[in-house]
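Two complexes come next, and they have one chain in common, chain A, joined by chain B in the first and chain C in the second.
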Partner chain A sequence: MEFFLNRFPLYLDGALITLLMTVLGSAVAFVLAMVIGILGTLRNPVARAVATVYTEAFRGVAALILLFWFAYAVPQITPYQLSPMFAGVLALGLNVGAYGAEVVRAAINAVPRAQTEATIALNMSWARRMWLVVLPQAWAQMLPTFGNLIIELMKASAIVSLIGVADLTQVAEEQRSSSGETVLAFGSALVMYFVIAQVLIFGMRLLERRANRRLGRAPAGGGLLDLLRPPTPGTKVGAAK
Partner chain B sequence: MQQSESTHSTETAGVQSAQEAPGGEIIRFDKVVKRYGSNVVLNELDFSVAPGERVTLIGPSGSGKTTILRLLMTLEDIDGGVIWVNGEPLSHMRRGDKLVKANEAHLRSVRKNIGMVFQQFNLFPNMSVRKNITEGPVHSLGVSKDEANQRAEELLDLVGLNEKIDAHPTQLSGGQQQRVAIARALAMRPQILLLDEVTSALDPELVAGVLDVLRNIAQTTDITMLCVTHEMSFARDVSHRVLMFDAGQVAEEGPPEQIFGDPQEERTKSFLKAVLEHG
Partner chain C sequence: MTWDTEFAISIIPRLLEGLAVTIQATVIGYLVAVVLGLFVAILRRIDYIGPVVFVVFEFIRTTPVLVQLLFVFALAPASVEPLTIGVAVLGVHYAAYTAEVYRSGIEGVAKGQWEACRALSLPPWRVWGAVVLPQAIRKVVPALGNYLISLFKDTPYLFAITVGEMLFVANAIGTEAFRSMEAYTLAGLFFLAVSVPSAVIIRRLERRYAAV
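Moving on, here comes the complex of A and B:
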């Protein structure tokens, strides 16, 4: 405990970098997932081809190799030297975005066709249809998997330590080297990763609960402790008959 | 889910001759063909509807009744022939003296005159009752939010659900949801209202409330109505004309008194007998 408390500010700095990488990487992944996922639902063959190429290309490449590519290969073939942070965000965002795109595509396709038909009967444009009806309903279906992807991205962010980003893993490695306390150094990092994951899970469950409530599915009330349990979508509020 | 609301088969997209639009008719089916695979659902169907007319479509399952409504709402592609609405081709548009596949702008332009109520209500679960009714007019007709809200309140009064304006669809019974769906369709101020078995998904005790609302609309508006239903007493009450469908064709048509009281075709007789026995 003393080992950890004495080094807490260092671990905290590393954790903040890890959190920053997670937030920025998730933002890139989210934008890519939404755009590519929607393209994948269109009938336009070009749009679908773009979605397929992106998804298959970036799902099939190891995030670590992608990271090394941006950090070490790109400067050799272009005049640009990406900062380690930027290279990390890009690699993680592109990789996780490919998985996210499939989540978005599947969630949109899972919205009942009857809902789209109702929007056509109201003469809504495609954009209005997506924004007002399809995406809000698909959103509730995306969130549980998005939650898993964010946790995965957060854990995968440890690879940025290999290109010199001072994240939590890097801090743990430095403390191990300087103190020789392998168990305590990495044990402290384990605890910090776990705490970050719990914060992310808590946030995602808040979003899930809100999204399900908007669809009339979330149980009324429910305290914060309920967020520690997986939500139960499908529970409807009020009488159905 | 398919994003393109109405795509057209290659055959339909083929250039057709742009004949003169029929006059005095708000809807005209001109040798309309619709197939699902090798199954021909509508077989060179011809029929027309006059403005303000209320027409009930009856017939056995698979006879093409619902397909007619879905074609009119542009929810299905047409495989042959032309549908005219207000003298304009529905799934085609004019290019010179030819008719070619309609684009999105044309579809939206023609479709704005048509409203539809579905068998399964299809209310949006992510919106309140108020939003369900106002979003269409606000975003498709450009009506102000205030005006749309006022109209929503009037329509909910009409269907007897004003106290539910801020409720969520899942908090409503099936009958209440269907009445909201009727209000939502009317909020678009359609010239043509399509009713697709609107009571089929309801518990028996909820049917009367929905039918009363529709009777009221039929009596107090001049909306052209096409109604697919197995509620024969309702059809008799509100229809100007009944069309009996069989195998994608009109087997018999006439005023409800004739069709229900003195059907001429054997197919109509057997169908009505079966319906009345099970009703």
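Moving on, here comes the complex of A and C:
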């Protein structure tokens, strides 16, 4: 405990970098997932081809290889030297964005056809149909998977330590080599990662509940504490039926 | 500096050797994950032991596998081969995922099946071995397959503990020749060449099993 308390500020700095990478990476991934996911639902074959190529390519390559490619290979043939953090955000965002795009595409396609037909009968434009009818319903279905993806992205952000970003993993490595206390140095970092993950999970459950409430689907009552418990099996939140 | 095709071709054999290590690590790690995950899923249903197993594997599942690798690598005696450590850590990490998959499969087995076992007073190993698991595992084959691809894509982490897999080889080539573009690009393409066809096969499996 003393080990951890003495080094708490160092670990906190590392955790903040990890959080920063998670937030920025998620932002890039979210925008990509939405844009590419919607492209994948269009009739236009070019749009669909772009979506397919992007998702297959960036889901198929490991984030770590992407990261090394941006950090070490790109400066070789272009005049641009990406900062390690920028390379990290890009690699994480592109990789997780590809997974997210599939989720968005599937969620939009799962909205009942009658909903789309109704908007056409009401003469809504495509943009209004998406914004007011399709996306709010798809959103509730996307959120649980998005939550998992954010956790995956947070965990994957540890790779930036390999190109010299001082994140939580890097701090743990430094403390291990300077103190020789392997168990304490890594144990502290793992506990902090665990805490970050639990906070993210809690936050995503809040968002899920809000999305379902807006669609009139959430069960009445239930305090904040209910969110700490995992959803009981069988009551699939966000499943539109 | 630009792309050098001749150099790129000359490094292919070395990268393929790395790919062989990558695939070896994937296959063994996956076997560990599939077997251990099943035990974890069953243990989780036992009183008292269950919640402890749940918390331990929840911790493993929500913390980065890279940190776990570095941790065990630093703890293990120098005589243990890095590849062994890597395979063990990846296997245990993925067991946390496969356990969730098995759990959903086990919960999907109809209640009447359990009741029938009780009515016939079958011993536990028959309940699991002859009734529950054959039904549960069949349903989760595609989901398990997805984790094979995920595990394959996590093998570059072994680079951090000096296992000579593909990224390690690419990195070594980059340092020797002062050119990284070719090696990293080819490594990425090789990854695609394995993971995209496997994903297509898994999706086919998914469609076939989903009909059941």
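We adopt the following convention: the second predicted complex is superposed on the first by the 229 of 241 C-alpha atoms of A that agree within 3 Å, B and C clash if a C-alpha of one lies under 4 Å from a C-alpha of the other, contacts with A are read in each partner's own complex, and residues count from 1 in each chain.
Here is the rule we use: contacts are C-beta pairs under 8 Å (C-beta built on N, C-alpha and C of every residue); 3 or more make two chains touch, one makes a residue touch a chain.
Every value quoted in this text rests on a predicted model; they were computed, and no experiment measured them.
With chain A as the common reference, chain B sits beside chain C without any clash.
When both complexes are overlaid on chain A, the residue A:214 reaches chain B alone and has no touch with chain C.
Of the two partner chains, chain B is the only one that A:123 touches; chain C does not reach it.
Using CA centres, the angle subtended at chain A by chain B and chain C is 110 degrees, rounded to a multiple of 10. In the superposition on chain A, A:64 contacts chain C only, with no contact to chain B.
Shared-chain residue A:26: touches no atom of chain B or chain C.
Nearest C-alpha atoms belonging to chain B and chain C sit 19 Å apart in the superposition, given in whole angstrom. Residues 41-43, 108-111, 113-118, 120-126, 128, 130, 132-134, 136-137, 214-217, 236-241 of chain A are the ones touching chain B in the complex. Residues of chain B touching chain A in their complex: 1-7, 73-75, 104, 108, 111-112, 114-116, 118, 120, 122-127, 135-136, 139-141, 167-174, 184-185, 188, 203. Against chain A, in their complex, chain C makes its touches with residues 1-3, 59, 62-68, 70-71, 74-75, 104, 107, 153-157, 159-160, 167, 170-171, 174, 179-181, 183-185, 187-188, 191-192, 195-196, 199. Only residues 56-57, 59-66, 68-69, 72-73, 76-77, 151, 154-159, 161-162, 168-169, 172-173, 176, 182-183, 186-187, 189-190, 193-194, 197-198, 201, 233 of chain A touch chain C when the two sit together in their complex.
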